[in-house]
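Below you'll find a set of structures to go through.
One chain, chain A, appears in both complexes that follow, with chain B as partner in the first and chain C in the second.
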Partner chain A sequence: MNNIPVREERTLRFHILRHNPQDSESVPHQQVFEIQEADSMTLFIALNEIRENLDSSLQFDFVCRAGICGSCAMIINGKPGLACRTLTRDLPEDIFLAPLPVFELISDLSVNTGKWMRAISERLETWVHNRQEEVDLQQLEAPMEQSLAYSIYELERCIECGCCIAACGTAQMRDQFVGAVGLNKIARFRLDPRDEREDTDFYELIGDESGVFGCLTLLGCEDVCPKELPLAAQLAYMRRKMASV
Partner chain B sequence: MQVIQTDVLLIGGGLAGLRAAIAARRRGHDTIVLSLVPAKRSHSAAAQGGMQASLANSNKGMGDNEDIHFADTVRGSDWGADQDVVRMFVNTAPKAVRELAAWGVPWNRVERGDREVIINGEKVTITEKDEAHGLITARNFGGTRHWRTCYVSDGTGHSMLYNVNDRAIAENIPVHERMEAMALIHDGERCYGAIVRNLISGELLAYVARATCIATGGFGRIYRVSTNAIINEGMGAAIALETGVATLGNMEAVQFHPTAIFPAGILVTEGCRGDGGLLLDGEQKRFMPDYEPEKKELASRDVVSRRMEEHIAAGHAAKSRFGDHLWLDIRLLGKKHIDTKLREVKDICQYFLGVDPVSQLIPVRPAQHYSMGGIRTNYRGESQQLKGLFAAGEAACWDMHGFNRLGGNSVAETVVAGMLVGEFIADFCDKPENEITISTALIRDCWQKESAHLQGLCIGGGENPFGLIREMQNTMTELVGIFRHGDRLQQAVDKLQLLLQRSNNLHVASQARGANPELVAAYRVPRMLKLALCVAYGALQRTESRGAHFREDYPQRNDQLWLKRTLARWPDADAILPSLDYEELSVMNMELPPGWRGYGAKDFINHPDAPRREQEIEQLRQSMAGASRFELQNMLMPYEQLMPERYRRRNARLGENERGEIEIRETGSGEKQ
Partner chain C sequence: MLTSASSSGRGRKELKRAGSRLVASVESKSLVRKSSRWAAWLDVLQGVSGLVLLLFIWTHMIMVSSILISKDAMFVVSRMFEGVYVFDEPHPVLVSMVAVVIFCLLVIHGIIALRKAPSSYREYRQFITHANRFKHTDTNLWLLQVITGFILMFLATAHIYQMFSQPGNIGPYASADRIWTNTVWPLYLVLLFAVELHGGVGLYRWLLKWGWFGLANNRQQLKVAKSAITGFFLILGLLTLAAYIKLGIEHENHAGERYRPVSFMQQMENP
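Presenting the complex of A and B:
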């Protein structure tokens, strides 16, 4: 933090797309708020300041405010990203904020990613499928190679923030499309030897246009993924695997 | 008024709530989970460093077992913990890790052969056994005698929560997200569920349940500088307190974590120090060995945090334009280690500090981190006052952490408590006498009371709820922090009482439909203030120092007067102070009677029973010469009868025989300098 240069204070203009579907009289509109920039200000700090001092009805979601939980994804100057770890010093004086598209709007910048993600999990059955129902917890665990455990973790780092869906051409057109988040999950379970499902089982889940064959390889997803998951490589790999089923 | 019925209502969708829900569901009870946010965004996801369980697979874990985990935990707690509960916990933790492994958690694994690690600032080669290859490995954490903390890089909580949550989906457990429990439905003796607010529509509903379990996590946000998520406002504990009958235990026991980045307060894991990172002062000199020659950077958190503040007060801080801080140095761990085992830390440093920890120092200072206190329960997780009310996880005071919890013991507690308390809840629901008959009038009364309260807030007076929250947070951080003193605590209590009175006169300016964030702040303020008063007043009354509770005016631990748990109640809704009672801990029943922790202050005022109990234990030991460690333990403090049947059995461990002894002896220590 000592390395961050002090800059002259700017006045920031936030242009926020507002709409509250709970209110039958609300119409989508843009509202402008001006605040003074502060040292190492993040959008988390700025939005709270706006709510506490300028408009107490403004809605947005933050939970961990540390870039870990995925709650605060929004469109920041045209691009999906996590608001909590976006520093205002990296943005121009005019900052445009809008809710993520595709997801159900709750109000203002708050969208229902949770509902969407749960539906994807149910549909793709994103859990370890193992015929042996209960493991004997008294016994030593089954061994696994460290390199494999690490590869699984790499794909499991997804935080379901929804950025990849917001940046996806197919998801905007086809509401059944499972998107990079869904396909990445299948890749994760496919890699996991504890999951006994075969490629034919996975094909049932994603072997069509709403799955892996719907992807137009525009690769907006990988560009915006805040966890820098290797989405493009996974999508290509899954497509090859599913095409050979 | 919409009424939803279920057998079990879990308030909280973090690790504790979800795991308890799975237990109850598997036993055939209808279960609904409520959460303020999508369950996977619960604060459990933020746990980085790992989960303690004595698997003893890796070389540095060799010789570890439940007994040592037990002793570390009790010492860590500064003898505040309930030792029965600690025993139940340490015996279940290995099972919990193994269950999570089967459910998909990609725990880091042992790799056979030599590897280089950093211990006490030096490179050391350790050799992992062939037969351990591929088993779950562990890293070092503070206050533990062996390397015991199982981990998934530094995304442990994330992996655990995702896999447990997906398991809950697999078992068809509904999670009602963006729902806030606002009040418990009760008649002073029995709990029947909760009045709940929908945080999308603003609608108020009633959930009626045979068993209600609060698993709402900690209340760190009553402090200004906290590592906690901003939703950690303690609403679960607060609504239990507001019943007027349920008690909160040890609310003054608040943990401060040594390494929150400065000034944002975001955590970087204890794993940084566990893996070999060092603390440096303003002159970039290592200082912990001077204060704590035994454990150095890896003494328990309460001790390290105090030493850091002491060192800052002595004028050795690094200065920045935000104020004083110290440095965390993980450069010596090397790029590869940081890129794979500490990548969340690296991200956090990069995004919030503009620092690359591979080549630069990380500015840190202690910050509020964990709530040892919470809803007081017995070993079954059941409230001692309200039948049908349970609590688990950080929200509970079960009480396995006493006055200081060890790193890695919390996510372990959440899952273990979920497993055990979940079974006890199912047992409770199995019993015909625990069926409920509830009058609709009672539900309607509770609902109407809450509804009228919310409407009242919207008419309101002149106080800004956001402003009151800030004043409370400043008061707590400035006056009820790491170093406490009677005068400052009294000031804090006075100030918080004033704030509580002012909170009767709130003004909600916004009439926004739906959740209305300002209204949310308004109804939470008085609840948070009540919790803050339990903390500050409890701290004022406790005239000793124990674990994380440190009084400059009473620097000694005083077992003679204070080997007891604080119980706070709020019987009169209009009162501005809680009423406090105390629950004695019985030394004569302890497996490990109080003594020196092995780090930190050496002088304390002994309990008169301690020498007697020690003598008794010594005699027992001698009379049982040749007994296995299990037999001995069972003589000292039998606890198995307390456990659910299915989790009673012993844990298999590499090379350990029937008697719990290690058979294969390594030649040498396996460690080469």
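Presenting the complex of A and C:
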């Protein structure tokens, strides 16, 4: 007895934006691939099927296929999202895929988010700043309140997939804008008692129009974040803190 | 950079090879620029000036809608703003003064808000491409705010100047004649939509932006409230404009004559 409802099998048309900037002959163009939809099919499965059976030159990034590594972010029917967390049954038959904007294009759907994230991390100094000369790694860390640890962890869940940047109108216009990912990181280190930086120090990092005061509150970031981070609340909180420095 | 380069062996070598030498390394505090607090103040000022303008425009809307009650009601309201109940005689210059203050606020708000708008064709195109692809309400609402903001900078200025230069010409017949006989109604119709949409979206975004009392988590409710308020003021505004147009048509043959409420004048003459 099989009680699992069987869905009508659809033929999906994938319209994929293709371009390889390394190849001087390459011109950005859209290719259409047709595949049969399978039960519980994700875009990760579909893209692998296309690469396996239809075009082995198709490039896209995957590592964890479980929404943890943040490699497979792409524009899915106009909206940034993780391919591995997107079920084809939630999409129409025509699926348009494009690489994330803002980031450097490697090829087809693969972009170099790592380079961008690294630059933001260096610029915003997203590590614990301790004025102590030497940290004794053998020593036990001072205990932290459970609730505080949880609130740090809540923000720490960011996987740097780049969806918030691709969904940000400000980031499209202004290359220097640090975006929700950057501001969320600052909020995270601001909570951390091991980081000895004060609000005046953070102001030096994000207290301008490439930081928190450049945000237009379009809230695309919050609407697309695959980890559902409370970005709107965090941006508002950081803005209030920075305005009262 | 020079000091650190010269202290290392490789740095010295490079300097030598270039045939140059380090003459002096002066530390100057003025070179280490601290981020300006102005970035924060501008953001605060943008919101506060917008809020004051919005509260003004809502009050303004309710006051001019007094024509929906009666000509007498509108007459009383217009005389009140000329200070009749304080100085015992009308001083239209008070209206001119308010016009100047509102104009200054408009300029301040406009200049500060402009820094957020696309400042080149490239930026504009990037944003439009993004908005078309993303189809995201809050992104599109911002575009609406940029457009209505531009409309207001020009059209509100025209209206404010008229109020500044002819502050005495506000009253049931005076306003109706201006709107109909002098054909100012198209200006008011565009202004009504521009100001209500801009103000409503602006307030909604301002509350989300600063997120007091956990407002940032209640976007849907805020959006509903915003739409309801904007809808209310648009309907009130359209009804008010229609009332003035109707009065203007009726009064067309006597355009220029002022309204004289009998009961009101009697009150003034025999207190």
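Criterion: the second predicted complex is superposed on the first by the 232 of 245 C-alpha atoms of A that agree within 3 Å, B and C clash if a C-alpha of one lies under 4 Å from a C-alpha of the other, contacts with A are read in each partner's own complex, and residues count from 1 in each chain.
By definition in this document, a contact is a pair of C-beta atoms (placed from the backbone, for glycine too) under 8 Å apart; a residue touches a chain by one contact, two chains touch by 3 or more.
The shown structure was predicted, so the numbers you read here are calculated from the model rather than taken from an experiment.
Annotation: superposed three-chain arrangement on chain A; chain B versus chain C shows no clash, the two fitting side by side. Using C-alpha centres, the superposed arrangement gives chain A a vertex angle toward chain B and chain C of 160 degrees, stated as a multiple of 10. In the superposition on chain A, A:E141 makes contact with chain B only, not with chain C. Of the two partner chains placed by superposition, only chain C is touched by A:K79; chain B is not. Contact with chain C, but none with chain B, is seen for A:P101 once the two complexes are overlaid on the shared chain. In the superposition on chain A, A:A233 contacts chain C only, with no contact to chain B. Once the two complexes are laid over each other on the shared chain, residue contacts for A:R118 go to chain B alone; chain C is not touched. Between chain B and chain C, it is B that contacts the larger number of residues in chain A. With both structures placed on the common chain, the touch criterion links A:F62 to chain B but leaves chain C unconnected.
Taking every C-alpha of chain B against every C-alpha of chain C after the fit on chain A, the minimum distance is 16 Å. Per the touch definition, chain A reaches chain C in the complex via residues 75, 78-79, 101, 167, 169, 172-174, 203-204, 207-209, 213-220, 223, 230, 232-233, 235-237, 239-240, 242-243, 245. Within the complex, the chain B residues that touch chain A are 37-43, 45-46, 94-95, 97-99, 101-104, 106-111, 133-137, 152-153, 155, 158-159, 162-163, 166-167, 169-170, 175, 177-178, 200-202, 229-231, 261-264, 266-267, 320-322, 340, 344, 347-348, 351-355, 360, 363, 466-467, 508-510, 512-518, 647, 649-654. Note for the complex: chain A touches chain B at residues 1-4, 6, 20, 22-23, 39-40, 42, 51-52, 55-59, 61-71, 85, 87, 106-107, 112-115, 117-118, 121-122, 125-128, 130, 135, 137-146, 149-150, 152-153, 156-157, 159-160, 189, 192, 194-195.
Across the interface of their complex, chain A is touched by residues 34-37, 39-40, 42-44, 115-116, 118, 123, 126-127, 129-131, 133-136, 138-139, 142, 205, 208-212, 214-217, 219 of chain C.
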